[in-house]
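Two complexes come next, and they have one chain in common, subunit A, joined by subunit B in the first and subunit C in the second.
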Partner chain A sequence: MKGQMELMEYLFLTVFVILIIIVLMFFITGWQVTQSGIERTKEVSDEVTFLMKKFSTMDYFVKEDGVFDDAKLTVLSSMENVCEELRPILGSNWFATITVFDESGSIKVCTESNYPDCNHWSFCKKENRDFVSRKLPVNIYRNTNRIGDSIFAKNDIGVLEVGFYEI
Partner chain B sequence: MDTYQIFKIILGLIVSAFIVIFIVIFISNYGGLQTDTQKAKILSLFDKTATNVLLYGNDANFTEFKRMDYSAITFDPISETIITGSVSRKLTEPIFLYPGKTLYIHRGEADLGWWKFYFVEALPDTSIIFNVMDGDAWEQVIDIVTEMPSTTGETIKTRFGLCDGSTLQEDFCNDELCERDYFLQAIYGNEGMTFSRCRETILGEKYRLVFVSDSCTGINEGICIESSPDGVGYIYIDGNQHVYKDVADIIAMIVGYIKSDHFGVYGENLYTLKNEIFRERALFASQVLSSRAKILSSEMTINQCKQLFETLGEKLDEISNILSDEDYYKDIDSAIQFKQLSEEAGRTHREIVNMGCDYPI
Partner chain C sequence: MKYRGQSTLILILIVIMIFLGLGIFLLSFAGSIQKEEYMNTYTNNLLLSLLRTDTGYQDASCKQISDLIGCSFSNPNWHCGEAGSGCKEIGENLVDHYINKFDDVKNKYNYLLVARVEGRTDTFVVGNESVLENRGDRLTANEVLLKDIRGRQYYIKITLILEKK
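This part shows the complex of A and B:
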């Protein structure tokens, strides 16, 4: 009887030690998963900032850093597969819009047929998914601003919005 | 000792062994994961630093590779990834990396006249020796050196020197090799001067030897550039012939140089990376700028500008056609045609700018 009791004691102790080790492992793994989650949130935020930097400096879009070229924007936003075309340069899971500041608030999407009488460009449609986005005031260089019969280029003020989807 | 005691000992041994093995496996997996996470973070940080240099043109130092075994870093040209152990990162930008403990990151450019191609060089302490055997090739040497880093005041140095026969001219900048700007000053006025073939045995492994000659026949060491006044010609690395059409092709080779591993010769791999990304980007740029020229042409009120924009659009369409062929850069005739069309498109654009109808690139 005494031997059986000692054996049981011994088994309980062993099970208890194993249990502690397993709990410790779960704790470490859980902590690691939480850290990864925090890291991911930070990464998404960094990604948006980085994307915004790329967007406002790459010469496919701009005349010079922070000054968008309305003709380039019109050509790009009119492309059928612009998201696919830009994937090697800007990656995936993002969207962007640029809107000229207009007091009336009316939005006219730019296409090659209504250029330059328009004020909004959109790249990769905004989807109904969770995303993180940032907005930035930018200049938009209007190549063919008409005054009477003449053309004078000018800069307009606009807003760039760049968003990154949380996967 | 009774049966119970023996049973206790055996059970104790089994349980202890089980616990020890379990913990060892867990710790080794966890430790390995942590090491890989750190490597992945360092590669990601390098990519971001290099991309920042590419976007803004401000040079930077990168010292994080000293926290890992940088000599294990290699580059796979097929998947365009930098690899170290089980960790890899795909390069989305033209980043010419030569692994080292500490790196100096610099942006260079190849100006096509209608568009600029930017690339990044990430180099540890490097010494480049030119052996100029063609008196008309000095301008080409100047073009190459101009796009390399100026490291004055930095701790990580890129230095330049000249080799003439069995003489290594490394003492013309305070008894050592020159940094970029001093080297450019030192070789100013060298036009027409020819050096005899460098005896590479006088150079140690720390130097990268670049021959510039009107013929590379019989030169199997280092890199040999067959000089060309129009900027298109052949470049040889490790005895293999390739076509160059801009300064980025040559710099990719110089950065990678003749170091080789199971992915091949590093210089050739970087040359391939450059040309894959260049073709993709230049094709996209030519399509965008051609469409831009066409819509601006339709809006122009000055006839000359209208016509010039039309011409520019046509030239860019022709450039697009050449770039549609994935292997165009391997063929010297296509490269020459591309270069000529680029110059024509550049000239047309400059005329438009001079007319006041567009801004310079």
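This part shows the complex of A and C:
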């Protein structure tokens, strides 16, 4: 009887050890999957951060670091194939928008025909795909801001949103 | 000897639980570092952009938000253009107005902007002062302005604190 009991005990122990090994295997696999997910998220996040910094400092768009020039933005956003033109510098799979917080309360996309009575610029249209985006407060230098009948240049406040598509 | 099998099992389970706990802790830590870096950049840019924003007044004491903050120490009752109120009051209203334009800040954070000149007791304060008393998750950005106040140059230290709601 004692021998059988010991045998049963070892049998149970073996089964439990196998179960534990399986749990550990699941844990390690899960860990690996999560790690690669984190790596991917970090890559996308780094990419967005790079785009955000590059966008807010590139001479094509800004008057000085963090201050976008509305005339430059209008010319560039009105260009056909602007994404293709910017691909060698900024890469692909991204979009960016710049919005001025003015008193109009509504978004008016800037084109060469309605400039300067507008407050929103868009580069590479937002697509219906998964993306990671970041927003950053910025200034927008309005070259021809109207106050009554006079025209003054002024710095407005707004937001830059940069997104990167998760492939 | 009778409970040897059970004690081994319990020991193994404890080891597994420690591994799982350690894993979860490390994973949560990795995510929060990235978010914090971005939010620090966000807070610094918010303060810098705010200070550089034009108010619409052409008067040198009132042209930008930073000028209004300077004016609130040199001559707080100075009237900007046709405005009925003093530059300090205009500055406080505009800072609040612009910060509330940012939905991310408005919905998720309490903010406090404090400007001080060393050696003086008066301050320029906008926002929720309870932020100073609470010990919640907070982000801080600092800037220093050099302004001429009554013929003397002063450093104005400006701090923006965002605290999670």
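What we mean here is this: the second predicted complex is superposed on the first by the 126 of 167 C-alpha atoms of A that agree within 3 Å, B and C clash if a C-alpha of one lies under 4 Å from a C-alpha of the other, contacts with A are read in each partner's own complex, and residues count from 1 in each chain.
The working rule: a contact is a pair of C-beta atoms (placed from the backbone, for glycine too) under 8 Å apart; a residue touches a chain by one contact, two chains touch by 3 or more.
Worth saying up front: this structure is predicted, and the values here are computed from it rather than measured.
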| query | Does subunit B (first) or subunit C (second) touch A:F131, or do both, or does neither? | reply | neither
Tell me which partner A:P88 touches in the superposition: subunit B (first), subunit C (second), both or neither.
first
### Which of subunit B and subunit C A:I157 touches, first, second, both or neither
second
| So, A:M25: does it touch subunit B (first), subunit C (second), both, or neither? | first
*asked:* Is A:E9 touching anything from subunit B or subunit C once the two structures are fitted on A? First, second, both or neither.
replied: second
- Task: Identify the partner contact of A:P116: answer first if only subunit B is touched, second if only subunit C is, both if each is, neither if none is.
- Result: first
On subunit A, the footprints of subunit B and subunit C overlap at residues 10, 17
In the complex, the residues of subunit C that touch subunit A are 5, 8-9, 12-13, 16, 19-20, 23, 27, 30-31, 34, 37-38, 41-42, 45-46, 48-50, 52-54, 56, 58, 64, 98, 101-102, 104
Counting only contacts in the complex, subunit B reaches subunit A at residues 4, 7-8, 11, 15, 19, 22-23, 26, 30, 48, 51-52, 55-56, 92, 115-116, 280-281, 284-285, 288-289, 291-292, 295-296, 299-301, 358-359, 361
Within the complex, subunit C is touched by subunit A residues 9-10, 12-13, 16-17, 20, 23-24, 27, 31, 34, 38, 41-42, 45, 49, 52, 66-67, 101, 134-139, 147, 152, 154-157, 159
In the complex, the residues of subunit A that touch subunit B are 3, 6-7, 10, 14, 17-18, 21, 25, 28, 50, 53-54, 57-60, 63, 65, 69, 71-72, 74-76, 78, 85, 88-89, 91, 112, 115-116, 141, 143-144, 149-151, 153
